[in-house]
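Here come two complexes built around chain A, the first alongside chain B, the second alongside chain C.
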Partner chain A sequence: MATEQGNWYGDDSKVENLRGRAFEATCLAATAFGLVSVLILLLYVARDAFRPFSADVGWHVTYAVTLLVPLAALVVYYYRSDEPAGEVAYVTSGLPIVGLLLTGGFVVVFTELLTVLEWFALVVSAAVALGLIVAHGRLRPKAPLERLLVALAAPVVTLLGTPPAQFNWLFNDLTGVLGLGVELNHQVISLRQAITMLPFAPTDWVMLLLTLVLPLAAAGGWFVGKRRESRRDGIAVVALTTVVAAFGLVAGPLLGVGVEGWVLLATFTGLPVGIYVEGVVRRDEGRAGLAFPAVAVLGVLAGSVAVDALGFSGPDAWLDWGFLVSAASRTPADAGIYPAMVGSVMMIIVIVLTTFPAGVGAAIYLEEYAPSKGPMGKLVTLIEINIGNLAGVPSVVYGLLGLGLFIRIMAWPQGSVIVAGLAVGLLILPIVIISAQEAIRSVPDSFRQASYGMGATRWQTIRQVVLPEALPGILTGTILALGRAIGETAPLLMIGAAASVRLAPNSFFDVASMMPRQIFTWSSELEPAFRHGVLAAGVITLLAVLLVMNGTAIVIRNRYQRQG
Partner chain B sequence: MTQNEMSNESTDPTPSAETATSSPDPSGEPLVEQSIDVEGTDETTGSTGKPVIEARDLDVFYGDVQALQQIDMAIPEKQVTAMIGPSGCGKSTFLRCINRMNDLVDAARIEGDLYFEGKNVYDDDVDPVALRRRIGMVFQHPNPFPKSIYDNVAYGLRIQDQTENLDEKVETALKRAALWDEVEDQLDKSALDLSGGQQQRLCIARAIAVDPDVILMDEPASALDPIATSKIEDLIEELAEEFTVVIVTHNMQQAARISDKTAVFLTGGELVEFDDTNKIFENPEHQRVEDYITGKFG
Partner chain C sequence: MSTETSGPEITSRPSGRAARERMYRYILLLCAALSILVTVSIVVLLVWNSISFFTSVGLVDYLFNPEFLISRGEFGLLPLLSGTLIITVVSAVIALPTGVAAAIYLSEYASERMRSILKPGLEILAGIPTVVYGIFALVYVTPLLQAVGLPVNTFNTLSASIMVGIMIIPMVSSLSEDAMSAVPDSLRQAGYGMGATKFEVTTGVVVPAAASGIFSSFILALSRAIGETMIVVIAAGSRARLLNFAEPLQNFWQGYQPMTAAMVQINGAESVSQIGFSSMYAIGLTLFVVTFLLNLASNRIAARYREEYE
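Presenting the complex of A and B:
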């Protein structure tokens, strides 16, 4: 009912909301300020790295016409009328990039770290060890203790061998005390070492085919076969991949990537892209998305032909192929980031091998096993609180820990890859633990109840129900933490990573430089070209690697959320 | 040693009746009569008889709160025993005591004895995992694993290493749970794509696949629509031919329809009356039980 003042609605009863509006505007301004300043910095760095203004205007116009305009049109089309195609475009453009990065990673591993023969020996002995363990489980399923023994001994025999001769006294003393009279005077070599010492070996590409292509093709085939419920399709995938990889014998040298290069390309880029594209074509959903990468490639090709024909010169960018594949140098034009990139990759390998198992293991213990009552429960609570605190400890402090623990006490070489990896690994360990804990906690308790109710042991419940559910979350968290690790600089300075190296490290105990350390070195060079051009190129490289890692994490997370 | 004594005792009904009568109970006199009555009906009706689960003086505490007070109860083999009562009366707690699911709750503390086939399940030498392999459980909300239908049913068989003739066993379990006809062609599909009623029958199939002796059901139909509920009820009646079924329910009509015996728990965690279902619903001993059943309280 209307009162004397008028209606209850309309101008008569305007609610006072100026303060709310002001608050909203302030929040927006704060966000915008942060984002815009980062964006400006990135643009500034990108300008230094690529120097787009050093190119002819015609060059820009040509590429705009052949590449940018068609791509922009496609994006608008996807956005307006075909959303599934947009996602297909996103994945088909991203997948080859990730595949190429992986290919590059393996090329680096095979040129710097191991020979193909060593890789072959490693994979074969690992397979033999696994085979032994599985065979024992089949033959004697009711002997858990024996099984544990086999599980521990098999890798020793096949992969590690007995300890080096310096440690033989340990064994000899032990047998002496037991009165066995057996003495060990030589190092007993493992299967792995035996294979590397064989007088004859298959050629590199055959070994790659056997130990890299076949297992990955089998994994792809299994995936396709399971999803299609057709064994035939799975076998077709395996056969096709193998044939395409073997075709490298002819195509590799012709294209100038070498047989091994072709084999790696076919497995890491060809196989996943092929499976995905085939799936899109078969489902007939978002097929238009496949046009995006095709248009991009064609646009680049057409652009380069046109630019050559018309005689426009491109930008004289700092960040070019030469920068990625050459070593640090005194002259800015020759300087590159390759050894530092290899250092970073090897550091990531160390981190993944040490921090991932330790962090996930700790998270599983804290979430699934740790008691919550009594004095032990108090201790666990204290530990959990302190893991949170450790995640906030400055990285310089972790560097100091690495210096004291690994260099002073363990006497490992200063600035070596392993020390860097372990120090930075310790730094991200709390982050990995916390994110893995979150992922495990988000597995609904009803699954655990159901599993226990079926008479599953705790271990069976964790392995078969909790971990499969939590794995995407754990992977996402770990990849994001690795992204932090790859950009961390302070610990590298503390443990004495090399300012810059001319040769990439060949083993984990070699002194190496990593990307952020190399960038830091460039920042203090006298010559301005280093401080502006080369530094910017290094920063962009680092950011690109980070972007790809985070993109992968986001894709995994999205996929996982859709299922949930 | 202890086990022998126990099994001797449990084959003989008198001692448990004595235990029941001698136990001080807050509800006082009537419970005494009632427990004698239970034994009486057992003998007179000549129901298949031999108790497979027997609680004696069972107390359960959650922290300082007592959830069950001195429960004495003998659940007969291959029958449906229903437990009814208002919310928070401890009937689910009792159910979870039987297969020691309360072990997973840190705050829970159990006193007294609970015998399964003559062995106290709270003895130190009893592994709760082994116990749960004999006593299956179906939960209030359908909780299939996010795996395929096949893998859900095969889960129990796999963890117990009974993987011979897996396909056959999965098919049998799905048929016994009256789900086979609906999922025959989609065994590889995710169990989460099924409807709620189908999911609950899948959970029942999962529980019976390992061929347990007892199936515990914690309000298995409370989250389902009437049609799915009636399917589950039909299923329970069939299952009772081979399994001992213990079911907790809020729905009194359901208890009346499907159960052979009914236990009435009332607030505070006391078992007020336990008798043949017909007697409970037609002529209960206690005024409180009658009030509850006719809806005057609770």
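Presenting the complex of A and C:
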């Protein structure tokens, strides 16, 4: 800097900005280093999985003209002049994908895990059990002990039934001790089992309509009705969903997805997309974004027609429909990932049913109840520190835990879905707890005080004020944790998940393989067709699932952070 | 509470309610206590199962035997520790400077727009499954290193370490960035007021002020590298050996089997002796203790040396 006038007391070295610039550039390069190298590696994997260079040049040109150029033009337009539309485009393209993934998950559940009739029986019995408990509470509100008994007995009667007849002595001894004089000589089956044994049953799609479509449509209707403060809109959503789902009776077979496929599609893909699109149109904000998925679909259709007409052959990709629906095989061309995918889906079900409630419950306790003083306060501090430490325990140690606890001690079958789900579930438990704690902590205290001021108890406040407010945050954290769970491999190796299976697991106690386990098996194959083809296809499948999950989590986070 | 007054009944079920409140409280406490139960069962399980190992092999033999070969009944920790050491050191050399530089960029230099792109990008790096990183190392990085002319074997520590390093960058960068963002702006402005350049403020004020956070992120990252399993199982080979001091470079070209990989191999082996199988728990216990101590140290450093600002 020029210091012509006055006295300059500093030393004579010049102030340079070269050093600063170089430093900034170095730091930027360091930030980009990991990203760029992984991106390049991903491009290599994608090349191996899709083999784009095996396609005719004409094929590339055709799709570039019909699909890529219009989409790129739209992206530039959104970026330049219509940002809300860009977000609408993002969500309307992503929502069907998430919906399709969920649909696929449920199709897997219904083909592999339980029949529609079993599902129907399960839902009806659960509803009856809940109804019994609620009805008792209404009829005899001042009998807490009786209520506890009902709450315990109702699920037994409707869902579980009594244990097999050889355990009847247990019940008889118990009643003998109590002097009740009731004897049990046969196994009493539950309502659920009774329903599955009915000689007549409604057709599958009617049962799905009653037990899957209606509840979800009701949830959607409740959501819309609450958001718009209009009961009529909510009822319209329910009615429309039901009609569209029922329409599957005609449309399903025509489209070749079957009636049940259509019903699932309508609920998991049609319902959310419909609600979102309708909202965009009504609010008139970023309507141009709806063009993006439309152009994409039209582009694909036009492209495939043109390619057929011109006789160009597409790429001979490893990752195709056949890969997704066929089982593992010794010949690379036949190898697929379907059974491993089913294993992953079922593992996720186990985790959602066990880890999610336990983690959120722990977070609620730590944030809402935990005392900060006294012996309990010490215990709570210990729990907090412990959770932090558990998050740093290597995943392979959780595998040992699963092996020792569930296979050695509980004697559950080695490599079964339930063991895998519980081991990986324990692994992500600290992550779920920490993220749920953050979500609960971000609910302002004034909300709680307002609720207490209205005379609500602590639990009522939590259930009706804190949890609904914290739900988006909890969901985001949980989905991210589930993403971690899907990709976790080391615990699966330790609990002995199958290297590869030909048949998808049909129950939670079946031995199964999961996607990362299957991918690991392929990585030890030496044949180039495996190492560069099937393996790459598996990696891309796994990453695509993770991408969709993380994308969903981020969209939920962005939407609700802005509102908050 | 009494409900005999003639007013509207706003508190139904007065006796049941308190009991229910208590019940929910205890159920939730049970959920929170589950985490303690997990830790306890990990410790009990590892200790219980490795007792038979330590009684028959002996702690001294385990710690100082220079061989690890289950088929010959050699259970030395040193070869496995060598593998873990190489992987951890090389990945640290890659990840620690890179991570801190990234944190400096994100916290001090990046525009809002760059931040909104780079930060989720780094989060994505942390979200990629480790089995995928392992495949990157084995199928793509190792051939690349060979093509560049390095004399690496099919299984080598270098490519595995590179991938472990890239995997732990986000951990260093996000924790360090949190520490740097916590440095109050008044300190920076004081620096500028003294005539310092941005470079001088960053390296002379912000980084020293955030040093404890940066250091604790280093330790956490090291602990992650030590416990990393799939990358080394896939790419670092299955041969346990001691560090090669005669030809140091061989340490990078050859495959080494770190502790985690040894556990996976023992567990997956077709036939393994009883004592061999229990060595898996002993290694697991060692691994657990090491990572646990590192995590504890990281927390302590972050808590004790944190500079408190108003």
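For this structure, a couple of remarks:
The rule is simple: the second predicted complex is superposed on the first by the 524 of 564 C-alpha atoms of A that agree within 3 Å, B and C clash if a C-alpha of one lies under 4 Å from a C-alpha of the other, contacts with A are read in each partner's own complex, and residues count from 1 in each chain.
Here is the rule we go by: contacts are C-beta pairs under 8 Å (C-beta built on N, C-alpha and C of every residue); 3 or more make two chains touch, one makes a residue touch a chain.
Note that the coordinates shown come from a computational prediction; the quantities given were computed from them, not determined experimentally.
In the superposition on chain A, contact of A:Lys373 is made with chain B only, not with chain C. In the superposed pair of complexes, A:Gly20 makes contact with chain C only, with no contact to chain B. In the overlay built on the shared chain, the residue A:Pro141 is in contact with chain B and with chain C. Of the two partner chains placed around the shared chain by superposition, chain C is the only one that A:Val393 touches, whereas chain B remains out of contact. Shared-chain residue A:Phe447: touches chain B; no touch with chain C.
Legend: residue contacts after superposition of the two complexes on their common chain; A:Gly256 is shown touching neither chain B nor chain C.
Contacts of A:Gly361 after superposition: chain C is touched, whereas chain B is not reached.
For chain A, the partner with contacts to more residues, out of chain B and chain C, is C.
When the two complexes are overlaid on their common chain A, residue A:Gly455 makes contact with chain B and with chain C alike. Common to the chain B and chain C interfaces on chain A are residues 141, 455, 457.
Considering their complex, residues 141, 229, 372-373, 444, 446-447, 449-457, 460, 464-465, 469, 563 of chain A touch chain B.
Chain contact summary for the complex, chain C toward chain A: residues 10-13, 15-17, 19-21, 24-25, 27-36, 38-39, 41-42, 45-46, 49, 97-99, 101-102, 104-106, 109-110, 118, 120-122, 124-125, 127-132, 134-136, 138-141, 166, 169-170, 173, 195, 197-199, 202-203, 220, 223-224, 226-230, 233-234, 260, 263-264, 267-268, 280-281, 284, 287-288, 291-292, 294-296, 299. Of all the residues in chain B, the ones that touch chain A in their complex are 99, 101, 104, 106, 129-134, 136-137, 139, 141, 143-146, 155-156, 158-161, 188, 203, 206-207, 210.
Interface residues of chain A, counted against chain C in their complex, comprise 10, 15, 17, 19-20, 23-24, 26-35, 37-38, 41, 44-45, 137, 141-144, 147, 357-362, 364-366, 369-370, 380, 382-383, 385-390, 392-397, 399-401, 403-405, 426, 429-430, 433, 455, 457-459, 480, 483-484, 486-490, 493-494, 496, 516, 519-520, 523-524, 531-532, 535, 539, 542-543, 546, 550, 554.
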